[in-house]
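In structure tokens below, several structures.
Each of the two complexes below includes chain A, the first together with chain B, the second together with chain C.
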Partner chain A sequence: MHVAPIPAILLLATTQLTHLAPVDLAILLLYFAMVIFIGFYVKGSTNTSEQFFLAGREMSAWIAGLSFVSANLGSLELMGWAGAAYQYGILATHWYWIGAIPAMLFLGIVMMPFYYISKTHSVPGYLQLRFGEGARAVSGVSFAFMTVLMSGVNMYSMALVMKVVLGWDINFSVWVGAVTVALYVMLGGLRSAIINEVLQFVLIWAGAALIPILGLIEAGGWTNLKAQIAVRMGSSDYMHLWSTLGSFKDNPMGVHWTGIVFGLGFVIAFGYWTTDFLVVQRVLSANNLRSARMAPIIGSAFKMFVPFFVILPGLLALVLLKDSSGHLMQLYPDGSDMVLHHGAHSFNEVLPLMMIRYLGPGLLGLGITALIAGFMSGMAGNVSAFSTVWTYDLYGAYINKKAPDAHYVSMGRWSTIVGMLISVGTAYLVMGAASIMDYVQELFSFFIAPLFGTVILGMLWKRASKAGGFWGLLAGTASSIFMWLMVLHDKANIRFMILQPHASADTILRVQAMAANLYRAAWSWLVCVLVTVVVSYCTRPTPESQLTGLVYGSTIIPDDGSTKIYEKPIFWAIVVATVLFALNLWLW
Partner chain B sequence: MGLDIRIPLGLVFLIIGGIMALFGLYTHGDAALYQRSLGIDINLVWGGLMFAFGAIMFFLGKRHKAPEDAPDTHNSAPSARPRH
Partner chain C sequence: MTTPHVDPSTEQMLSIWFFVGVLTFCSGLIIFGEGIYEFWHPPSTVLANLHPAFWWGMLMTAFGGFYVLRFRPGKG
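This part shows the complex of A and B:
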């Protein structure tokens, strides 16, 4: 989610940063052996399509919840956001807190019952039940296309990092990663992917947690760290979450609180966490309604602490990362002259640099294993979601509707391999033209915000008609692409998106691409909602009988079996929301 | 589901934690090696913690799995076809 670009410039690096000792290699090999073993072990229990694509719908809330948050925790994101923290300060934390937690809680409390009761197998599947084939086709094709591309980008990034950090050959890394992930997903389907994601999640925590712990010890604690950063940066703006968001000019990111609250906190976060099938698929595997509602809430509690080992290392690097002569190291933007021609490191290298700074033989193996685990969980998430949407929503819906169940399982296994091969192709494509990586990440954001508009209206508004859903989704996506082209053509056009047509050149310059995305998402969502509402009122409503189990007001939500207060999802959602509120207040 | 997730998770942490702790014991007192980690024998400390976590997970998983190994008397759910 919200992936920050990884430096294509890394490709130009000629020397590796470190090397692995035998003990590090032993840890890494053990990890590979275990993930493949899990694939073989669960193969015997993935014989039906429900077992292969939805893990038999028998995962506990804890497993589904950890997998839900782990599928998102790719190393591409870890490294990108650690770099963003170095560049923009603690503001980057918004992408983990307001940009994730409220949406996850909303999924668990409000939306999950509809996904779960409808017994849909995918998000495009829900759209088909609610809005018909047109909406499913648009969403299924765009999702399948994007997931394999994202998987390829992830794969290439992993290979690049391994080349820079360890000097590994890019082809070797691409193929070892691809074959391993394809093998365990093909063998054990979603079940194997989920078990490995939980394993990878805990390994990432174990491998990454020591950097902030040792860093805080060296900095002399949190208060000292804040003071040192204020001295280094000449202002305390880097360490405030909200107090600098009153104006585009007052913070390093060039963002306003409206963009963070409405663009990120509402549209992008809700779009990603409630409608991106890659993460929703993990929750659909839950063994009952209560588990399905609890899973995102458990995931959100873990998500809340991810900034500890992503954002904090970026902040620590501002005052602790030193070069060989003992001076503070200065990192630079990708593509800058310093990176290109003077051998300086870029922002996005901050996490590996901090890893090398603190981890010696033994722990370095664990840290590298954690990075690779992150990449692999991201790839597996994409490829398992791709195989499900391809088999159910494209092949099974339009090509071969009446095949036996075993045929769909077989198709799922083959599409895993084909999906991975397309990803490898994408990785090589990106290798040839690195700017493609940025475009792929931008492309992903075209679909997410409007999709959320369509799904949320579908779930909460009975009057939304089939035509309304289809045209709303199409118009929202088209408007997003239009705004992107508008800014690509002339960056000054951002002033219309931020509703400041007379904005000064300085203000426009300060608005970073990341902030512009927030406004584009908010507008495309609004377009989707408006078009859906207008077209729905102009067309015939869907009969009430067809809305049962799909829409609020036409569905009786069954009792989830929780009796005591601490068994109720809403209780834990309030606990998580309270902690989130307190953390934001603390870092205001 | 055939495999309690705590068992592979516990095994991975037992083995990796064990390797790290042993390596930490072997290199204990090597000031140059642990200069990066502020002079702390971090392999021994962290490896030991991981080993303990792995042991707890593994035994919890084993204890929970034992009753499940009895013959299954429940009918498994009928296979579901895709809902097109």
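This part shows the complex of A and C:
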């Protein structure tokens, strides 16, 4: 999801880190055999469009919830954020906590009823119901385009990691991954993708949880770890979540608490978790309203513990990872001279390095299988979302509106294959110019923040008109692209985004790309909201009768069937929010 | 687009948890076996003396075994 650092430069590494033993290969082959079997097994129950694209809307809250959180738990994120933890310290945890949990709870409690009651098949589909064809077209085209590109980026990243860690040929990894994913998504649609996401979730926990456990044993416990990090880094700043965010200069990321709270916690997180169809599609597969509301809440509870096996290994590596001479290993940024010319490892290699440190034969196979499952799940999530948006919101809406249902299922299967072929093309494109990968990540962020502005106004504000929604979305997206180009042209322009026109060169230098993204997202969301409001007041409101089931105040939310307190989604949302609050206080 | 009703035959499908059980049980068994072997041939990893493969493999086998039994076909 949101702008994780990507191991692009691993491309240049020439030596593999380890190799797999026969027991490792046995575990890997077992996983591949199982996912292909599942594809063939569920094919018989994906005969209608509802079954193929929305898994028949019969998933329980637990399955939809695990799939929801798993769709985001790709290996790019795992490796990238472990590297970010090594680089920036515990601040990286914000992307898992304030940068996810409140948004997930908001989706479950406030937004899910509207998505679910409207019976929409996709987020662009909701925009069509609320704001008309224009908004759907903008959202559908940009989403379809981005998902196949992202799938290609995932594919290439997997091949790259397998090359660096295991010495596998890139072409072999690209094609094995592409054929396997295309096969099981084409056969089983979303149902197959969801089953594999749940498997991937279990594999990641099983494969990665041992690293922090053994790491903490070796470090002598949490208190000793904190003390050792403070000694190595010369300060305790690396282990505080909030106390260093009062100024851009006081923390390694160069970020201010306003960026974390408003840019990340509000705009980016809410944009991603509540409007990105890739994750919302998982919740739409729930079997009733209560399950649909509980799924994001269950997902958020698990999400809260992901830093245990992503962030903690990065922190442990700071004081435990040693080179062959027994000295503490120093990792460097991707693309640095040390990585390119002196054989040093980059930040993004921290997770594989920790795996190799602790995991012997068998366990290493499990860890590698978890990484591969994460990559394949990322591809499957993108391709299944692409085939749904293409079939429902582009093909079914503009090209062939009145075909029989079986035709759309067939189109879904074919678009899966075509989407995967485009992804393979993207993977090879990225192979030719690694910087394209960073641009694709940036492109994705152009659409998310403004889309959240449009959807949230659409759901909560009756007066938002069709023209308002369309022009707001367009203006927000354009403003995001404009700001990105502005900073690309001259990094000093960041000073306008952080509202410090007289910022010193040192401050500008300290603001990392990740922090700049937070402010770009916040501004583009604001532009979207302002334009939507102004245009809405200048145009005719949508008749109340057309807003039923779509907007707060015009919709009677049906009872979700929960009677006892512990059955109510709001109860569990409060429990999760309380634990989150306590964890933040503990690591303040 | 029209959306027909869900095919009731899908209700008879194997549970997702059954697949989870099979995968963790089989992987756990392989790792557990490797863990036993490592008592005599320890790997060169850090903290190998704690026999992580043996204990983790045992845990996964038990977890997977429980899910296989609990969600086996025909269990209802």
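In the analysis below, the second predicted complex is superposed on the first by the 586 of 588 C-alpha atoms of A that agree within 3 Å, B and C clash if a C-alpha of one lies under 4 Å from a C-alpha of the other, contacts with A are read in each partner's own complex, and residues count from 1 in each chain.
Please note the rule applied: a contact is a pair of C-beta atoms (placed from the backbone, for glycine too) under 8 Å apart; a residue touches a chain by one contact, two chains touch by 3 or more.
Source: prediction; values computed, not measured.
By the touch criterion defined above, A:274 reaches neither chain B nor chain C.
In the superposed pair of complexes, A:120 makes contact with chain B only, with no contact to chain C.
Once the two complexes are laid over each other on the shared chain, residue contacts for A:384 go to neither chain B nor chain C. When both complexes are overlaid on chain A, the residue A:360 reaches chain B and chain C alike. In the superposition on chain A, A:139 makes contact with neither chain B nor chain C. By the document's definition of touching, neither partner reaches A:479: not chain B, not chain C. The residues of chain A shared by its contacts with chain B and with chain C are 23, 26-27, 30-31, 34, 38, 41-42, 44-45, 47-51, 56, 58, 63, 119, 121, 195, 198-199, 202-203, 206, 210, 214, 217-218, 357-363, 366, 369, 392, 396, 401, 405, 408. Partner chain B is touched in their complex by these residues of chain A: 23, 26-27, 30-31, 34, 37-38, 41-42, 44-45, 47-51, 55-56, 58-59, 63, 119-121, 125, 191, 195, 198-199, 202-203, 206, 210, 214, 217-218, 357-363, 366, 369, 391-392, 396-397, 401, 405, 408.
Per the touch definition, chain B reaches chain A in the complex via residues 1-3, 5, 8-9, 11-13, 15-16, 19-20, 23-24, 27, 33-34, 36-38, 40, 42-43, 46-47, 50, 77, 79-84.
Taken together, the chain A residues at the contact with chain C in this complex read 23, 26-27, 30-31, 34, 38, 41-42, 44-45, 47-51, 56-58, 63, 119, 121, 194-195, 198-199, 202-203, 206, 210, 214, 217-218, 356-363, 365-366, 369, 392, 396, 401, 405, 408.
The touching residues of chain C, counted against chain A in their complex, run 1-7, 9-11, 13-14, 16, 19-20, 22-24, 26-27, 30-31, 33-35, 38, 43-48, 50, 52-53, 56-57, 60.
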